[in-house]
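Handing you a structure now.
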Amino acid sequence: MSDQHLLEVRDLVVRFRTHDGAVHAVNGVSFDLAAGETLGVAGESGCGKSVTNLAIVGLLPKPAGRVEGGSVKLDGRELTTLKEEELRQVRGSEIAMIFQDPMTSLNPVLRIEEQLIETIQAHREVAKEAARTRAIELLTAVGVANPESRLRSYPHEFSGGMRQRVMIAMALALEPRVLIADEPTTALDVTIQAQVLDLLRRLTEERGTATILVTHDLGVLAGMADRINVMYAGAVIESGTTDDLFANPRHPYTVGLLRSIPRLDGETGGKLVPIEGRPPDLIDAPVGCSFYARCAWRTDRCATETPALLPIDGGKGPIVTNGPTATHVAACFNPVAPAEVAEGRPLPRTGGATR
Amino acid sequence: MKNLRIGAILGALLMVAGACSSTPAAKEGGTLIVALPGDIVRTDTALTDDSNSSYVIQQVVETLVGLEPGSTSKVVPVLAESYEMSADALTYTFKLRSGVKFHDGTDFNADAVVYNYNRFINIPTELQDYTYYIGAVFGGYGANSNLESATAVDGTTVAIKLKKPSSNFILTQTLPVFGIQSPTALALGKGDNTESDVTKITGAQGGAGSMVGTGPFVFDKWTVGDSVEIVKNATYWDTAHIAHVDAIVFKAVAEEAQRLNGLAAGEIDLAQTIAPVDAATIAANPKLQLIDRGSSFNTFQISMNQSYTPMNNQKIREAIAYAINYDYLIKTFYAGAAVKATNWMPAGVLYAKDLSLPSYDVAKAKALIAESGETDLTIDFWYPNDVTRPYMPDPKGIFEAITADLEAVGFTIVPNNAPWRGGYLDDEYAGKYEMWLLGWTGDWAGPDNFLKTAFFGYVNGAPSTEFAYKNDAVEAAMNAALAAGTEAEAKTQWELAQDLIRADMPTVPVANSKPQAAASIDLKGFIGSAGLNEPLNLVWLDRP
Amino acid sequence: MGRYIVRRLIAAIPVLIGLSILLFAYIRILPGDPCVAILGQHRTPAACAALREHLGLDLPLWQQYISYLLKTLSGDLGSSVVNSQPFLGEFLTRFPGTIELTAGALIFSIGVGIPLGRLAARKVGGWVDGLITGVSLFGVSIPVFVLGLALVVIFGVILGWLPTQGRIDARARFDATSGILLIDTLFAGRLDLFVDVVRHLVLPSIALGSIPLAIIARITRASVIEVANEDYVRTARSKGLKEKTVDNRHVMRNAWLPVTTVVGLQIGGLLGGAVLTETVFVWNGVGRWVVDAIQNHDYPIVQSTILVFAVIFLIVNLIVDVGYALLNPKIRYQ
Amino acid sequence: MFRAALVDPQIARASRGLWGDAARRLRRNRPALVGLVCIVLFALAAILAPFISPFDPYAMNGSSLDAPSLTHLFGTDLLGRDIFSRVLYGAQISLFVGVGAVVLALVIGGVLGAIAGGFGGRIDGVIMRLTDVFLSIPSILLAIGIVTALGRGMVQLMFAIAVSYAPTFARLLRGSLLALREADYVVAARTIGASRMRILVRHMLPNALTPLIVQATLVLATAIIDIAGLGFLGLGPADPRTPEWGTMLVDARRFMQTAPHIVVFIGGAIVISAIGFNLLGDGLRESLDPKLKR
C-alpha cells in the first residue's frame, strides 16, 4: 500500500449561509480511505454525514453551502479547488453515489435505460448501442430479471428494492474507485435491506471499490465496514476499526448509539436506551464539547474546552488512519470505561469525579 | 340649364401644396393607404347608403355627371359629355362619351345607361332597405318612382324622363349611388334585379361582378371588416387623369386614436377623417399635413321628438336652445373647426339665411322654462356610443357637456346610449327617442337635402315619426319650392319655410363643422371636398 | 393512450350539451321581442319571418332546442343580422388572424416566460429573482389595453420601431392563401414580407402575452425550484452529468409538467384577451369582429363565436392533457 | 398545487393557530405588506372620495386638458373635469363592483361547491359539468355575453363578473371539501352520528374556507381589470359621465399623444389596485400554507 491514500479528507469545514446565520454543518472532519476499504460513517440525522459526502464531490446545495476550509484529495488530487467541469468528470466516474430513497432518487419521467446510458455517456465516448449492452450487463449484475425489457421501464414500475438495485447498477456503471452509499437501505423493508447490502458488499468486493457507507444504524455497519467514523455535530468524535469500536466504544455518544439499536445477535445484552435530547443547533457552534448537553459523563472541563480526537488510552506513536491497524481515536475528556458500556451510565470511579 | 347656375360659392377649391397650376411632375407608382372611419358595407353602387362605401365606390364607378373636385355644387360632365333639359323640365337628354369601356372590357354606351336606370326604378322590394338614396331622390320605386323611363335615343344618347319636374335632378345624379356599372357584370353578380336576397348578390358582397365601372381605379378585393383594395386603371378613358398611384388600400380604422397613431407611424398615408382635437398634434408633426376641406357642409343638432312631453312645448325647445354653451362645445370638441349654426342648413347652401337662432343665455333659458308652465322637466336623452361623425366628433363628450348645460338650467336628464347601427338610427327614426344627438352631412348642395330629406319633410303625407313635427305650411312651402318654375319663386318658398321652422324651433341646430383630413407630408395633389367627393386619381406620393 | 383520449372525448359530451343549452338560452333571454332584439334596425317583416323560421320561435322550446342542436351539428351556426353572411364563412376568414396573434402571444409568453422562470429559479432569493418576480407581478396586474396603448405610443409612434396596427404592411397588398400570413409569406418566398408580418406581430403579442408570460414565469420558477430540490436531480449531478444535461433533461423534463397544464389553461385567457388586443391593434381577427358584433347587437355572431371559442378551448385542453400524459409516464400507464 | 397544500387536514385542524400563525407570517412578508398598503390606499380613495376629492367629479371646472398642477393634481380631461377627483370616485366604482362581484361569486360558487363537495354523488357530477361549461368560455366573453343580454349598468356588470368567477370558487371549495371528507375529525363526527348538514356546516366548511379567501383576494385583482376591460369595450355603467376607469381610459386614449399623463394616471390606478390584491393574495397564500414556512 502506497503512502498515498485513495481518498484523503483533511480538516474539512462546511458552512451554510441562511437567513438566521451560518450553519456550521461540518467542523474539521478528517479521514482516509484506501482502495478496497469500506468506511462506515454513523451518527444521527443532521450530524453532517451527508454534508461531508456532498462536500467531497462538490454537490453542496448552492449558493448556501460552501467548503470553507480543509482539503479533499483523490489520489493526491485536490478536489475542493477543481473547476466545476473537472469535478464533474470525477463524479460518477471516479466517485459514485447512492442515495437514501430509491423512490425519489430516480427521475420519474425517464426510462431506466436513459438514466443508465446517460451516466455512461457522460464520461465515455461510447455509442448508444454499446452503452445499452453495458446497461444490460449492469442490470444483470445487480439481479434485475429480464434486463432487456426492464430497460424500457420507468422507475415507478419497479419496487423499492429493485430501484435501489438500479441505483447501484448506475453507481457502478463506470467502475468508480470510490462509492459513497448514503443510507442506501434506510428506506427499504428489513428483508430487502439485507439483500441490497449483500449485493453492495459483493459488488464492491469484486471490483475492489473503496466504499463510504453512511448510516445511522450501527448494526448495518457491523457486517459491512472495515472501519467506522462516528460523527456528531459536524465532527468525527470517535473512529476505529469496526471490531475496536464495537468491542470497546469510548465516546459516550458511540455508546449511546450502540445501546439505542436492537442487536440481532444480542451481544451486549443491555437494555435499549435512547439518547436523550437532540443534537445541538449548529447555527451557534457550542463552546466546549458539542455533546455536553446530552452527556452523562460530562465534566466541567467539557463545557469550556473542545476535546481533540486522540488515540484512546493516550496511545503513543503515529496515528494510523486506515487499514486493519487503524488507531482507535476518540474525542472525549472522560471516556466511557469498558465496564460502563453495558450499563450505559457512568459508574463511580476511583480518582475521577463525575459531575 | 338654369339649375346648373348653382354657384360655385360653396366649392372653395382647396389645393394642397404642390397641386397648383405650376405642378411639378407627379411621381408615379406606389400604394396609397387610406384610413376610413369604418368598413364599406357593400360593393354594389346602387345598394349603398353610407359614406364609407361611397368614398371607395366613387373611385371606381363613375356617374353621368359629377361635381368638380373640391366643390359641393359645381356640376361637371363625366360619362355624359353634355346634357339638355326639355322645356317642360321633364326630359333630360344626355350625350355620352364614346370609346369608353367598363373594367370588364364591355362597352359603355346608351344601352348600359338605360340598363342601370331601369334597375334603379325596379329595385326589388326586399332590397329597398339598402337603396335609401334612390328612394329619397325619386320618391319611390316602380309606379311610385319619379323616374318615368330611360331610353336609348341612339348608341351614345340617352333620354331620361321624369314624371314631374324636379329642380334637384341633375345635382342628385352626381351621387355615387347613381354610378353606371357594366350590365354584363351586374348580370354576373346577380345585381340585375332578379335576386332579392342581398347575400346572394355577389356583386354586392365583393364577389363576382363587384363594382365594375369605368373609373380610374379597378376593384381588386374586399377583406370584410378590414380593408378594400383597388388598383389603377391603366386604360382609363380620361388619359389626362390616369391614376398616379398603382393601388389604393382603404383600411377601416374606427378609432380616431388609431388613425392618428397610424399616420404618425407612417402606416397610413391619408386619414379621411380625424378628430378635431388631434388637429394641433397633426399640425405640429413635420411628417404630417392637416387638410382643410373649406367651408362646412353639415349640420349638427339636438334632435327632439314632439310626441313627448315636454318636447311638445315650443318654449321648452327654445329654452334648450338658450341653455347650450355653443362656444364651449365648439372650442372643446371641434377645436374651433366649426361655427355655431345659424340655420338648419350650413351657411352658404343656396337660400340659407341667418335665422338668428338663440345663443347661450342661462337666464333666458330659465325664464322660458318658467314661462312654459312645464313642471316635469325630466328628459330621456340619447347618444350613439360607437361612432363619430364628421359633424359630431365625440358624441359621448358632447352629450356629457350638453347634459351639464341642461341640468344647469333645471332639466333632469336620463342618459341613454345605443350603438349606431345596432339600434340608434333605427330607434330614433322610429320615434322611440325623446331627445337625441344627430346631424346631417349634405349629399347635394340644395336646401331640400337638409330641410326636407334630412329633417322635416313629411313621410307618406304625414309628419315623420322621427320628429313628429307637424306644420303643414312648412311642408307646402318646401314642395312648392321644389316644383317652382322660377328661381325667385323657389327662393321665396324656401325662405318662407325657414322662417316657419325658426318660429317652431322643432330641433336645436348646434354647429356646422369643417371636417378635416390628415395625410403624410408625401401625399400630393389631394383636393379636399366638404362633400367628400375626392377623386384619388389626382393624388401621388412624393417618396422614393 | 387511445382509450384515454376516447374517455376524455366522452367526458366532453355533457359539457358540450350544457354549452349548447346555455347558448340556446342566450339568444332567447334577450329582453323584448327576439325579432326586435336580434334584428334591430334590419328588421323587415320578411327578415323577421325568416328569423322566426330559422330559430323556430313558434315551436315548443324543446323542439327549438333540438333543431338548434341539429343545425349546429350540421355546421349551420347562423348568420349575421347585419350583412346576412353565414357565420362560419366569416369566422373562417378571420380566424387565421386570431390564430396567428394567439400563437404569437403564446410563443412570446412561453419563449420569455420559461427562461425568465428558470433564471429566477436559478438565482432564487437574489435581486434577479426579485426583479423577475416584480415584472411578472406587473404583467398580471396591467390590463391588456393599457399595455397595448402604451406599447403603441412608445414603440410605434415615438420610437417608430414597430408597426402599430394591422397584420401586414397594407402597401404590400399580399394575397393570403391560408390566411396565416407567417406561413403564406414563406410559401410565397417573400422573406421580406415574412419579416414584416413578424414585426406586426411583436407589439400585439407582447400586449396579449403579458399575463400568460407572468403566470408561466411564476409557475416555471416554482416548479423548477421544487424539482431542483428533488433527490433525482442530486442523483443526476452525482453521476457527473453536465449541468446542461441535468437542467434540460432532469430538471426541465419534470418541471415541464405543471407548466404544460398552466400553458393549456392560458389558451382560454388568450382567446378572451384577443378580443381586447385586436381592438387596440386594428387586428383583423375574430376578436375585433366579435366586438363589432356586440356593438351592432349581432347576437347570432356573438352566440356562435362563444360556442366556437369554448369548443376550441375544450379541444386545446384535451390536447394539453394528452400532452401531459405523454410527458408524464405515470399517467400514461394508468 | 397550493390547493392541495391548503386543504391538508393537518393544517385545517390547527385552524385557530393557523390564523394567528398566518398573521405573524404575513407581517414578516414584505411584498404582502406593500400589497396591503396599495389596497388600503385604494380603499381609502374609494371610501373617502366624497371627502377628499378636491372637485366634483362631474363638474367642468377647469379648462380642457389642463396639465397636472397643484390645483388639478392629475390635470383635467377634455371637458375640464378634475381627473384626480374622477380617479378617486373611479376607485369607488371598482371597489363597489369588484367586491360586490367577488362576494356574489363567492356566494354562488360557495353554495354550488358546498353542495357538490358536501353531498357528492350525482348532484356533484351535475354541478361539476356545469362549472365545466362556464369555465370553457373565456371569462371576458362570458361577461360580455351577460352584459349584452342584461343591458348595461353597475349591477349587471357586477353580476356578469360574478358569474364568470363563480365556477372557480365552486371547484375550489368542492376540492377542499372532498379532501376534508376523509379527515379524522370529520370521520369522527360521522361516527357519532352527526347529521350530514351539521358536519358540512360545523366541521368542514370553516376549514375549507382558507383557499377560497386566498382565491377571492387574487380574483379581486382580475375583477378590477375585467371591469375596466368591459368599460373599455363600452360595456361599462350606463351613464357615460360615471367616472369608471375603463370608460375614462377610452376617452383618455384619444390623447395618448397630446396628454399621455391621463392614461398613465388612470392606468396607474388600475395597475396599483391590481398589484395590491395580487401581492396580498400571494402573501396570504404563503402565510396560510405552513408548508411554505421558511
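Every chain is named by a letter (A, B, C and D) in the order it is written, and numbering of its residues begins at 1.
Keep this in mind: a residue touches a chain if its C-beta (ideal position, glycine included) is under 8 Å from a C-beta of that chain, and two chains touch if they have at least 3 such contacts.
Because the structure is a prediction, the values reported are computed rather than measured.
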{"item": "By mean Cα position, the chain sitting nearest the middle", "value": "C"}
{"item": "Most distant chain from chain C by Cα centroid", "value": "A"}
{"item": "Where chain B and chain C are represented by their mean Cα positions, the distance between them in whole Å", "value": "41"}
{"item": "Euclidean distance of C-alpha centroids - chain A vs chain C, Å", "value": "54"}
{"item": "Chain B and chain D, separation of their C-alpha mean positions in angstrom", "value": "48"}
{"item": "Centre-to-centre distance between chain B and chain A (centres being mean Cα positions), rounded to whole Å", "value": "93"}
{"item": "Contacts with 2+ other chains: residues of chain A", "value": "none"}
{"item": "Residues of chain C whose C-beta touches two or more other chains", "value": "152-153, 157, 295, 297"}
{"item": "Interface hub residues of chain D, defined as touching at least two other chains", "value": "234, 253, 256-257"}
{"item": "Pairs of chains in contact (touch as defined earlier), listed by label", "value": "A-C, B-C, B-D, C-D"}
{"item": "Touching residues (chain side chain C, partner chain D) in the complex", "value": "14-15, 18-19, 22, 26, 29-31, 137-138, 140-146, 149-150, 152-153, 157, 222, 258, 268-269, 271-273, 275-276, 279, 290-291, 294-295, 297, 299, 302, 305-306, 309-311, 313-314"}
{"item": "Residues of chain A that touch chain C when the two form their complex", "value": "57, 59, 84, 88-93, 96-97, 99-101, 104-111, 114, 118-119, 122-123, 154, 156-157, 167, 170"}
{"item": "Chain D-touching residues of chain B, taken from the complex the two chains share", "value": "255-257, 260-261, 264, 275, 277-278, 280-281, 331-333, 383, 385-386, 394, 396-397, 399-401, 403-404, 415-417"}
{"item": "Residues on chain C engaged by chain B in the complex (per definition of touch)", "value": "40-42, 44, 46, 79, 82-85, 90, 93-94, 152-153, 156-157, 160, 163-166, 169-173, 175, 282, 284, 288-289, 292, 295-298"}
{"item": "Chain D to chain C touching residues, read off their complex", "value": "1, 129-130, 132-142, 144-145, 148-151, 221, 225, 228-229, 232-235, 249, 253, 256-257, 260, 263, 267, 270-271, 274-275, 278-279"}
